[in-house]
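Chain lettering (A, B, C and D) follows the sequence in which the chains are written, and residue indices restart at 1 in each chain.
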Amino acid sequence: MMGAKGAGATAIAKASRTKIRIRGHDLCDDLIGKVDFTTFFFLHLTGEMPNEKQVFFLNAMLVALAEHGLTPSAQAARMTLQAGPDAMQGAVAAGILGCGSVILGSAESCGRFLSQGVARVRAGESNDEVARAMVQGLRDQKKFLPGFGHPLHRPVDPRAVKLLALADEKGASGDHVAFLKAVAGVADGIYGREMVMNVNGPLPAILLDLDFPEAALKGISILCRTAGLIGHCVEELERPIGFRLAHLGDAGTVYDGPNPPEDL
Amino acid sequence: MMGAKGAGATAIAKASRTKIRIRGHDLCDDLIGKVDFTTFFFLHLTGEMPNEKQVFFLNAMLVALAEHGLTPSAQAARMTLQAGPDAMQGAVAAGILGCGSVILGSAESCGRFLSQGVARVRAGESNDEVARAMVQGLRDQKKFLPGFGHPLHRPVDPRAVKLLALADEKGASGDHVAFLKAVAGVADGIYGREMVMNVNGPLPAILLDLDFPEAALKGISILCRTAGLIGHCVEELERPIGFRLAHLGDAGTVYDGPNPPEDL
Amino acid sequence: MMGAKGAGATAIAKASRTKIRIRGHDLCDDLIGKVDFTTFFFLHLTGEMPNEKQVFFLNAMLVALAEHGLTPSAQAARMTLQAGPDAMQGAVAAGILGCGSVILGSAESCGRFLSQGVARVRAGESNDEVARAMVQGLRDQKKFLPGFGHPLHRPVDPRAVKLLALADEKGASGDHVAFLKAVAGVADGIYGREMVMNVNGPLPAILLDLDFPEAALKGISILCRTAGLIGHCVEELERPIGFRLAHLGDAGTVYDGPNPPEDL
Amino acid sequence: MMGAKGAGATAIAKASRTKIRIRGHDLCDDLIGKVDFTTFFFLHLTGEMPNEKQVFFLNAMLVALAEHGLTPSAQAARMTLQAGPDAMQGAVAAGILGCGSVILGSAESCGRFLSQGVARVRAGESNDEVARAMVQGLRDQKKFLPGFGHPLHRPVDPRAVKLLALADEKGASGDHVAFLKAVAGVADGIYGREMVMNVNGPLPAILLDLDFPEAALKGISILCRTAGLIGHCVEELERPIGFRLAHLGDAGTVYDGPNPPEDL
């Protein structure tokens, strides 16, 4: 059977009859009532207690990304809940599955992009040089520039602006933010159109500057969208619109296959 | 088509080209960097800013329930992630789907049970009287007593004890906590065995005493378990044990169907 | 830890280094290339090879229920796929989560309803008598009549008509079909409006008459909708409409919360 | 809003008050009771009725891959079901989410690999030449060879052997099967160890030789595993082992974090 070899181990938590220890802390004596949920999330993820700046920006990111109206994932969750109102976990799961590579998941790909850029800058190249080379590289391959582009917000994504302003104000901006700004400076010229920096640009830039683990970037959107989806589910239980949303989608879509029913 | 009739409406959020308003608050001006994630969650859910006590106990609950070691849902998430490491959203969704009616989802059924009890108490019966009648009713139908019973913790679930102590200390205990205590007082006698109050007893009792919406109780476990699952996923990416967990489950299970392979 | 006690066993399948045995049959020698997928599904589920009539009707049900246009679950899947085109499993899972108790899952509740009715008929009451009593009971509790009602099809659901005709033609109709017909005979009068029998009436009636396990009824919709969702996903990869469906839903929904953005 | 531009269209199906047309066929007149589920799946996916050979091999693949004992996805489904027995759709979804890129999803990556090879062969290179170059390329990048490797089966995966034998016997083998055999001929030498061809080698090879759409290859595993998962769910309802599987996984895993509870 697969996975058979080697020791299996976890360093996150262990429960006994009388104790639950999480990252070495006693859950009941040291954490419940003593740390807030955001602090707990950081500790659970990294094994380290966050400093004040880390908690501040983690909260800022979770608040910035939790809700954006009737997004595809909110609609998927609401349609799913109206079909099975007794299984909220299914509706939330359906919504979370929309945190894919294209939307919401793009914090992850932008984080990778920024890390690669910063590595080159730290090795001696200038921010502008590396930004030009990497953006041109994506453009040549007709690829998206991660962290840029938004279907609605013009001329800026107000969340991106706010987060960058906070990072400068609180002294959190480091190499990743600097590189992101260099990318923003060359993007319009290279892509030949206005490239709106979206929230998934500053989010990984600032968090990476604050030593947040790169592998966990996608977790930020997943966690805060879960909160947003729960809100949509509770509203859906009181004022259902899930099937109505599906009706609107259906009514606005053409059937262009062979032989449609005669009595449409 | 279904859902066609009547107006469809949402009161949660609306985004325009330059603004995102959530429950009437401007996301960038009033929320990002000003409220923490727990406060945001309450506001998003209810439309109202929480008071200090509500934030304190919401944090306490989210911390208390986020992690409990290699639970079924953590294992389901880790198995799923090792099978598709590029899709963390799928692994988290698989784990969340384990917040069913039996475990994790029991905050919801306990909340309903407590509400029914408190309604009778408020209508004139005594806590003890109502507790006896309702617990006996469940026992007679051979049903579980929601909020009681734990496979591991003995003689108490330390989280339940801690949460009740905090509720008393902070003056948060009201009618639901009082009724829960009455239930605890009669449960052992009626079920004829030691009934350990688990964390899903005090969680709904305290939150209902603080006017948290009953329909959102299940959302508490879903949200905080999501945080826990993200931590497990990040560890799984570094030190995979998902397939190994499946191997252990397989190796410890007997095949008792017809005609097993000869070369096992 | 929970689940610790007692032996764990499965009778479905066992793989060794050289063999895979499923319900006692050798997968490679006896099944691959020898039985079709529908036969395999029945065997896997029940441990018994199906007879010709069982295969015929299982195929009929799976074909009847697999596709119904841009349903909520097809839309949820397509929105999810456009957000993460590399994770088709996530999109299909999001769609399947819509097989809840209200739609698709209603084969299950109708099956339970029919079984209860047939038990009473077999104990001596007449079909008409039991149908009247049980339908009136639901009506008095303002509950839905499972297997009846459709948002689109008028005056009949053509699938229901077809399946009942096939059952009569092939001699498959038994006690459950007879009871379903009795229910149909009294439903309009008791509910005071036209009650369209939908596909989830004949589906459980016929399958229960053919000894299909009641606990697996929900599996029928889940399996065949999975096939339908895969077709939608493949079309979505070529001609994406997922985000457009979400746009239509959003554009057709009113924001009625406080303080909307000024530049909508 | 995203997705706003351009016409939205689907060519799969359209329902009216009295008709459901799927790929132009009338569901009730032409499909229910006339075509089996596997034929329907192909028609739904491609818009074309399959020929006899296509149906035969589609059945063979669906049967070959549906079940392999207590796999990670079967265990994830069973753990999820025991936690929420009323939501089978959630348990099946949790299992399907395990059809990731590493296992089950590998039919997709192997299909892509074979297509690339066949394109080069059709452009003039020999099977052996292309196989050597492409396998060496993967080896040099320390990547897996898709369609090869199995944690249990030795010295062959019996399903792979059976499927290739059937393809030869029925005259279904074409360029993709020929290229797969060339790959098998050089794999051991280049990787320096025994490379067991698994079921996800012949599956895409044969289906691509039969003009099955490459984009739908992943759908094969998703569809047939859904059938397998339903069987596991039905057994789980009767003889639950989900939590026990989790107990086994937990008991066999070491906690190597700081400060374990003293009373383990």
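Heads up, the rule we're going with is that a contact is a pair of C-beta atoms (placed from the backbone, for glycine too) under 8 Å apart; a residue touches a chain by one contact, two chains touch by 3 or more.
This structure is a prediction, so every number in the text was calculated from the model and none was measured.
**Q** Quick one: compare the interface residues of chain B with those of chain C and tell me same or different, with half as the dividing line.
**A** same
**Q** Among the chains, which has its CA centre at the largest distance from chain B's?
**A** Max centre-to-centre separation from chain B belongs to D.
**Q** Using mean C-alpha positions as chain centres, tell me how far chain A is from chain C in Å, no decimals.
**A** A distance of 35 Å separates the two centres.
**Q** Could you grab the centroid distance between chain A and chain D? Build each centroid from C-alpha atoms only and quote it in angstrom.
**A** Roughly 29 Å separates the two chain centres.
**Q** Note the residues in chain A that touch 2 or more other chains, in rising order.
**A** Where chain A meets two or more other chains at a single residue, that happens at 1-4, 8-20, 69-70, 72, 82, 84, 86-87, 89-90, 93-94, 97-101, 103-105, 151-152, 241-246, 248, 250-253, 255.
**Q** Along chain D, where are the residues that touch chain C in the complex?
**A** Residues 1-4, 6, 8-20, 22, 27-28, 31-33, 35-38, 40-41, 44-45, 56, 58-60, 62-64, 66-70, 82, 86-90, 92-94, 96-101, 104-105, 152-154, 158-159, 161-163, 166, 213, 215-216, 218-219, 222-224, 226-228, 230-235, 237-248, 250-251 of chain D touch chain C in their complex.
**Q** Per the contact definition, I'd like the list of chain A residues that touch chain D in the complex.
**A** Per the stated touch rule, the residues are 1-4, 7-21, 23-25, 47, 72, 84, 86-87, 89-90, 93, 103, 151-152, 252-264.
**Q** What part of chain D is in contact with chain B in the complex they form?
**A** Spelled out, the residues of chain D in touch with chain B are 69-73, 75-76, 79-87, 90-91, 93-94, 97-105, 151, 241-246, 248-253, 255.
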